[in-house]
Every structure is written in structure tokens, then in C-alpha cells.
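By written order: A, B and C. Residues from 1 in each chain.
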Amino acid sequence: MDRTRIREMITALTRHDYAGMYMNDFLETWHKTDDEVAATFKVADILRAMRESGLSPRIFDSGLGISLFRDNSTRTRFSFASACNMLGLAVQDLDEGKSQIAHGETVRETATMVSFMAETVGIRDDMFIGKGNSYMREVAAALEESHRDGILPRRPTIVDLQCDIDHPTQCMADMLHIINHYGGVDKLKGKKVAMTWAYSPSYGKPLSVPQGVIGLMTRFGMDVTLAHPEGYDVMPEVEAIATENAQAAGCAYKRTNSMREAFEDADIVYPKSWAPFAAMQERSRLYENNDRSGVDALEKDLLAQNARFKDWECTEELMRGTRKGQALYMHCLPADITGVSCGQGEVAASVFDRYRVPLYRQASYKPYIIAAMILLARKADPADTLVRLLEEGRPRVR
Amino acid sequence: MDRTRIREMITALTRHDYAGMYMNDFLETWHKTDDEVAATFKVADILRAMRESGLSPRIFDSGLGISLFRDNSTRTRFSFASACNMLGLAVQDLDEGKSQIAHGETVRETATMVSFMAETVGIRDDMFIGKGNSYMREVAAALEESHRDGILPRRPTIVDLQCDIDHPTQCMADMLHIINHYGGVDKLKGKKVAMTWAYSPSYGKPLSVPQGVIGLMTRFGMDVTLAHPEGYDVMPEVEAIATENAQAAGCAYKRTNSMREAFEDADIVYPKSWAPFAAMQERSRLYENNDRSGVDALEKDLLAQNARFKDWECTEELMRGTRKGQALYMHCLPADITGVSCGQGEVAASVFDRYRVPLYRQASYKPYIIAAMILLARKADPADTLVRLLEEGRPRVR
Amino acid sequence: MDRTRIREMITALTRHDYAGMYMNDFLETWHKTDDEVAATFKVADILRAMRESGLSPRIFDSGLGISLFRDNSTRTRFSFASACNMLGLAVQDLDEGKSQIAHGETVRETATMVSFMAETVGIRDDMFIGKGNSYMREVAAALEESHRDGILPRRPTIVDLQCDIDHPTQCMADMLHIINHYGGVDKLKGKKVAMTWAYSPSYGKPLSVPQGVIGLMTRFGMDVTLAHPEGYDVMPEVEAIATENAQAAGCAYKRTNSMREAFEDADIVYPKSWAPFAAMQERSRLYENNDRSGVDALEKDLLAQNARFKDWECTEELMRGTRKGQALYMHCLPADITGVSCGQGEVAASVFDRYRVPLYRQASYKPYIIAAMILLARKADPADTLVRLLEEGRPRVR
């Protein structure tokens, strides 16, 4: 891409008000203004354009990006590492196994102790309802306090790499994929999105993706339908946000118990398994009480309950019912693919295969989205910084 | 901080003779001259001033900092990583689990094999009396030999990140905290330091902190008292050093079995649990003989012995007996806080809470101390290097 | 080394045709042309000369080097990390334990997901016959496809860090050691190499080193003899390559069942244990069928079989039979040293000790060989790049 075009993108960025992002965190998307969300997309696109044009978007000569993963991860781990690396930060894992955290340290203390040189702390904590997001806020408060006390010269930015409520880096990447797929935010008005549950032989997948999707995609004038079998509700607070968003944007948010109905004329389908909210609450309670046999019984129940909905699969036949039979199929990956990664799963192998390239492109936005979140939080003058980087024109590879 | 002030700090640095630190290690503080110790403090302060003024103190364009942790660690791990990152080194963990070290490799060979691109090797090995420090010296000898043989173009610098004898990065950070707290080394004459044992429900904590403290703080004209219950002696060799130091500095080193006595009129208190030296020797012997039941029996004995000294707690009442009731409370963290991290521990919750900010500040010096140790060992002309960095004025964040 | 000399080395490099290496992988050496192999040696020597002269050979301002180790490793892990660091890449481990790979992801997907910012992917997968190399090719195909599909802006380069067939980074480092030991490729004609089996009390060591050695060293006009007890055959396909190489180079490749015969008048000896090819095939089959008792039985058999050849040890007496009693002793390390790392092993302690310096020097080439492989694959104009680096003269340490 030529530099004139990148320069125009930066000019477009300056039309947004993103001052509130400076030295702030990125947790739920619905706590960011429309301008802030739009600025994040624009910075992500600019960073990508720069990097793919061979320019280095490195803004840090040194500094740490701390990652704390309380659940397994490949994609998000590498996306965070890629974002940090692109901007010049070294990733240091806070491994609760290796460290002394388990030995009774308070969150406040540990958060401060690891952050003397940190610019950002990326956290994944998605396993227990009512825990992950609270933990991130606890860390944020600790960092805020230590900064106020003069201990931390700079207050690191927390990036929510998936919690029990939202998965902002995923859903922002998903949304940017949609925007670029259709050629701009202005092309989305009236598009129909089906965020639907799908069957998976595994159990207990987080609710953060469906919640994140309905909480974000309702802000762009698209009609969003959440479909799931009875009993697979998501958090009511997030549904309330989706409803509010839709009203403000002049579009619809609705819920159905029919996958077919959701797919009908959909422009975009996002079929994905998740656990019922009530069951996840119950599971958190059982774990808290250290009730292992209760957890096992619940798991058995949930698997049996899941098994009643094996027909919630994204098949060729269902895809034919979408807009011109050509809806954009989305997934956060890895998907449970029928006959490939499991006997029966979320999606038919032929559907998945046909959409492999757009699926991988969807995933490719995440490093840039995370980098944009970091840059907007760490620089008081992001647009000027980007112009400076562009003008200096330092090559990424010499 | 303005650059004129930093320039003055560098000028003050040049008055010390630190030539002996070049291409050398940093193990026990008592093997460093007064000038070398002072230079380390000054470089740490300069690096901090530069970084907090937005200047990058990066001296390496590439190079590795190798970390080898034979015991859990959060703070020291992140301090080492921060120091390396600040100077431009990438940290590579030597994980004895993942590697083939367990398979009969000699220390000499492994040390050389991992060091072709290394500038520094940070080692924590504090679990067994008579082992950790020896291991570091074995690694040092191996690196020396491989350098002499022309295998290693540069001989990496070992930084003792805690051994069985000393914990130099901790105690140097502690000392720099004291110096800056009181406004300079010249303000310390006659101050009274109480390094005291304290009760902890856990067992077998290393002796390296109390030993490091009495071995270092006796060099600054402060009266240092080591207090512990009978049977909790530290290594006699280190006490001999403390006594010698005190004589040379015209101050007192003494020992008592009363916490109260040590606290009396103290300016600085450092109450912290440790295991008795003789018991640690015994434990090392038992482990060597693979005598698991002996280890278990010893642990039980030690816990029972500890339990007899539950009144060795840093309470508000004891604090009132210190100088104006306002001694500086110190701890290497994490502390066993009564009613917070354990039922009964080293310090009352209200005391700990009141000192949280200075405690965190104390910890904040460690990355800079480690970076100073590395810089003084890797550059033949540290002061000129710092002047050059200051004049170039490369921003850490662009 | 002065810059004029380095400039001459770069000029010598330009005489080779290495265009085919650009954006390609480095797997088996025999799939590289003589020019490509020679260019790799020359770039390795140039990078070393630059670094040892204090110049930074860093070509990347950012970018990831991904490492995937499916077997333990110290040397190769650090060599890869060193090579990446030298060139400016941050290493990110793909840890199959921490990630979701185990959960049914396809290789194609994972390979793409981790590679958005990757310049190179180093893989060690040497445990099972017929698996490791195939896996690398599967990853390569996935990356190729994702690049063709426009998902990956650059296709990362795979470096084979040891597979079931070859160990190219080891054998190329070994070969460069030989070249520099004798003062140039032109000095090697007629030299005699003995790649021989040796006894080890451990079992199931990969065949990749002996195979890599006979597949590479037969290309330089040296007579190569492979010696092993009956039943310890290597892969016939690799022997066929060795034979072909030797014919093309006008030298001999032969096999013997006598260690003594192989050592006779040898200039270079490389005694090292490995498992019999047929047994490794059998073991792979047993693991595939999850036949644990079969694996245990096979292990027992193999250890018993090994034990019949305890006299295959590189002793002083055998060394005396080599050219002037002074053959260059080589090993990929760690060696099983009799009376040091095991009761009886591959080499007598006195022999090993005498050759420690050349052994360590042999190992020291690996980081540079890997860096050369990466540079030749990532830059369309490696020689110009090196000239530019030389002219800019950026110091590695400021």
C-alpha cells in the first residue's frame, strides 16, 4: 500500500475522539465509546498497512508486555506476543506454576511487583462465571493505586484476552473482518447476523464469544439474532446491553430457539458451542466448595443435555437458507468439525473447508487489534505517532 | 529529572574505582569493594533517572540474558527480565525440566553451550546449604575457562539472584532504598538497624536475606543487630564478616535473642523468618542421602520448633518501641501477614498496611540494581557509556 | 577481524548461486545444492566475523521466531534462540502442553495461526521414524498454502532442528568446524572420516546424526566410512544418497562392522550411539498401537542388544590407530563419557577431555549456521544486506 493512502487513513483516524483511551484498559467493548471502537479499528488497519508495506510500527525501544493465561491458549497467546513484538515489547509470562503467587500473595502485591517495566498486562481468565472480569478489575485497581502512590512511573494497560463476560480482542477482530469484508462500516446497515449455539461433544466452553458478539455487533446497524436451545441462555446483563445497542443503532436484537430461523436470510453466521450460563454459575459454585463429585455429576448432566441438540450443526442445508446461500461463515477457532476433529460437531466439514480462507483472515486481525489497543492506551498522541513512524519510514527488515 | 542533574550523577560516579567489575561476576557483596558497591548504587540511580525521564538506557542491540531458577520466583524473575530488557537483552530461560541437563551433562559443558551469545547468566539456587554459591562458582569457572580457551568471545557475567549464602540483588536494592529514604549515604551514620527473625507457619526459608543484610548494612556506619531465638543462628562466616565490617566502619554489629531489644530505638526493622543454619545443613545431608523420611521428620521438628516462637511477630506494640515509633519497616516480600496470608505470621496486618508504599518502593529498586550490575560488568567505560546515552537522548517510547 | 577481510568474505559469497533458498525451508542438506550449502557456510562465517568484531548483524526490527520442540533440548534450543536474537527476532515457544493443539486442531490451522508475524519456525521432532520430517513438510505445505491464499503476507521459513532423517543444523555446524579446522574446503580432499556407532547405556537415540553426517560429508571429497555392529543399520535411502554423493565427489563411501577398521588412519572420528533403524520402526509402530508393554519389551531387548557391544568405545588405544594418532574427535554432545556421565559409554574420559576445546568450538558454529539459514531464506539480496550492515557498522554493544 502506498504511503499516501496510509496517510489518509491516519487523517481519518484523527476525526475520532479517543482521548479517554490514554492510560486506560481495554475490557468490555461496551465500556468503550463508538469513537473509541472506531479508532481501534482504524489503528489496527493502519498498523497492518504499515507492516505489510515493510515499515516497522515499533514504538518502544524497550518495555515488557506481561501475559497471564489462566486457561490454555494458542491463538490468543501468539496474537498477544505478536502485538507486543510488533510494537517493541518483550513478552514475559507470569506463570502461576513457576512463581510464588500460589503461596498466599495478594493480587495487589503481585500486580505491582511484576509491573515496574510493564506497558501492558494481557490476561485470560475465562473459566469461572463472576471471576475473570473481577480479577482483571482487581489487577487494574492495584496498578492504579501503585501508580497514584508513585511506585509505578507508568500505569500498565490491561488487555482482556478473554474473561467470563467478554472476549474483546476476539470480537473486535471479528468485527474488523466483517467491516473489511463488506468494504466499510457504512455497508453494514441492515445486514443480518446469526450468532447461534452449535453442538459440540466437549463441555463447558466459555460464554464470552456469544456475549462479546451480541454486545458489539449490535452497534453497527446490523440485525443480530442470538439462537440457542432452551436452557443455553447467556448473561441477561449482556442481553440488556445488546438490546440497548440495537435501539440506539436503529436495528434489531432478538433471540430464538431455532437455528434454522436465525440462519434464514442471514448475511453472517457464527455457529459456536457454549455452556449454559446457569450451569456455569453452578460449576463455579461447586469448584468454590471443592465439590469434585458435584462437578463430575454436572459435567455428565451437561454432556447429556448437549447430546439432545446434535442437530444444531452448521450444515450445507442450513447454509443454503442464508442470503443467496452465501452467508459469511465465522468462527473464533478451533471449531469442532464433524468427521474431522470429532464425530459430530459444530460444523460440516465441507462448509468449514469452503470458508477456510475467510476464517484464517478473520483470525489474522487479532494481533493488529491488540496492538491498536496497546498503542491507543500508551500514546497521548497516537495519530502524530503514526505519522512520525510513516515519515521516518524505518524498514522492518533491513 | 532534567539532564543536567543526571549528568551530575554520572560525574559523581566517575569518582569511584570500579575497574575490577569489568567482565566480572556479582556474587557476595562482601567481595566487592566499597567503591564498587557505591558505583552500583549510583549506576542504578542513573538508569532509573534516565528511564523515568523517558530516555532509553539500552546498550545492547542484541544478546541474551540467561536465567536459571532452581527455586520458584516471581519478583526476582521479573526483576532480572526487566533489567535485561531495559539494557536490550532477550531473556532465555534455562529450564532444567525441558532441557537435557538432567541427563548427566556436566555443569562445565552446559554453561558453555548456552553462553555463546550470552552477556549475563542470572542464577537462583538457594535451597541447600553449601550448594548454591558453589554451583555459581562452578559455572563461573567454566565460563572463564571457555573464554580463555577462545570458545566464548565474551565471558558472560554471573549475577547471583539468591544463593545459600547471600542475596545480593535483594540486599543491594534494600540498601539503595535506605540510602534514598534518608537522602544519602552520609545520613546513615549511627542509624540503628534491627535484622530480626520472625515467626512463619512455613518452614525452611533461606538464610540468604538475613546474611546478606548483616554482610552489607554493616558497611555504612549503621549499628546492626541480628535478633533471633536460640538455635536460629546464621552462618558463622557471615557473622565474622559483619563484625569485621562494623569495626572498619566504626559501628557495631551485635546479636541478641530478644526481638524487643533489637527493636528498641531502631531506625530500621527487617523482621523475617528463616530456618536455622544447622537444620538446613542437616536437611541438605538428608536430601543428599535421599532420606525422604528423615526430611519429613526434620520438617515436623522444625515446624514444632518454630511454633515455640509465635510471639516473634512485628506488632504495633513492638513498632512503638522503635525510634519515635516510626522505624522504617522492611521486607523482601512476600511477607506472612497475620490474618491475611496466614493465621499468624511475621507481621501484623496493620503494620504491613501502613508500610505498603515504602515496601513496594523498596522492591522497585531491584530491576535497576541488576541492570547496574550488568552494565558495570559489560562495559569497560560505564560512565562514558551513560554520558553517550544521555547525549543521544533516544526516547524509550517514540 | 578487520572490515576489509569481511568484505572479501562477502565478495566470495556472491560467487555462489543461492537464489533458490529465498523464501524456502532448510530441511535435509541433500536437497540443497552445493552452492547453497557453501553459501550457508560463508554467511555463517561472515555473521560470526561481524559479531566478533562488535558489529550487530541484526536485520529485523521486529518479527517472531517460533520454536516447536517435541523432544528435550538444551543446545539446539539455545542455538535457535541465539540465531533469532542475533538477527532481531523474538523467540516464541509453541508449547503443545500450554496450547490447545492437543485438542484436535489440524496442523494446517495451527501452523497458520501462530505465523502471522513469524519469519521462521524451528522444529525438533526426532522421536519416531517416518514422523518428524513428514510433520515438518506438512507444516511447510500449510504455510505455503496460507501464503498463496493471501493470509500470510510472508511465508515463514522452516528450519529442521532435528528430525527422524537428518539433523541439518548439527551436521552443517560439524562440517563448518571441519572446514575451518583444516583451513578451507580445498584442504579436505582425501581426508578420511569415520562415522561410527558407539556403546551407550541409554537406548533409542535418534539416527539423525549419523544419517546427516554421511549425507553431508560425502559431498566434500572425503572418504566416509560408516561403522556399526550388525543390526544397527541406518535408513537405506540415506545410504543411497551417501553413495551417490561420494561418486559425484570422486571419493568413497563404505560401511563396515568394525570400529577399529573405521578408525584406521582416520583424520576425523565421530563415535556416537544410535538405535537400529528397524527397531525404531518397530517402536513407532508400537507407540501408534499404544502398545506400552510392547514398547517396554522392545526397550529391554534393545538394551540387551546394546550391551553386547560395550567394546564399541572410543578409547585411547583406538585413537592411536588414527592418522598419526591425532584424528579430530567429534561429537554432537552430550556424550556418554565412561566413568563420568555413566559407568561405560561412548568415549574414554581422557579422550574426551583432550578434545574438549575443539568439541566446544564445534558446537559454537550452530547458532551462526542457523542464523545463516534464516538470513538466506528471508532476504532476496543476502550479500547486499551484509555489505549494508558492514557499512552502517552499527555496534552490537553501544
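Just a few scattered comments:
FYI, a contact is a pair of C-beta atoms (placed from the backbone, for glycine too) under 8 Å apart; a residue touches a chain by one contact, two chains touch by 3 or more.
Given the structure is predicted, the values throughout are model-derived calculations rather than measurements.
Taken pairwise by the contact criterion, the protein chains are fully connected, each one touching every other. Counting every residue number used by either copy at the subunit B-subunit C contact, under half are found in both chains. Centre-to-centre spacing of subunit B and subunit C amounts to 41 Å, using the average Cα coordinate of each chain.
Residues of subunit C found to touch two or more other chains are 58, 90.
Residues of subunit B touching subunit A in their complex: 51-52, 56, 58, 69, 72-75, 77-79, 81-82, 85-88, 90-91, 202, 333-334, 336, 340-342, 356-357, 360-361, 363-364, 367, 394-398. Here subunit C touches subunit A in the complex through residues 58-64, 90, 92, 94, 98-101, 103-106, 109-110, 112-114, 116-117, 146, 149-151, 153, 378-379, 385, 388-389, going by the rule given at the top.
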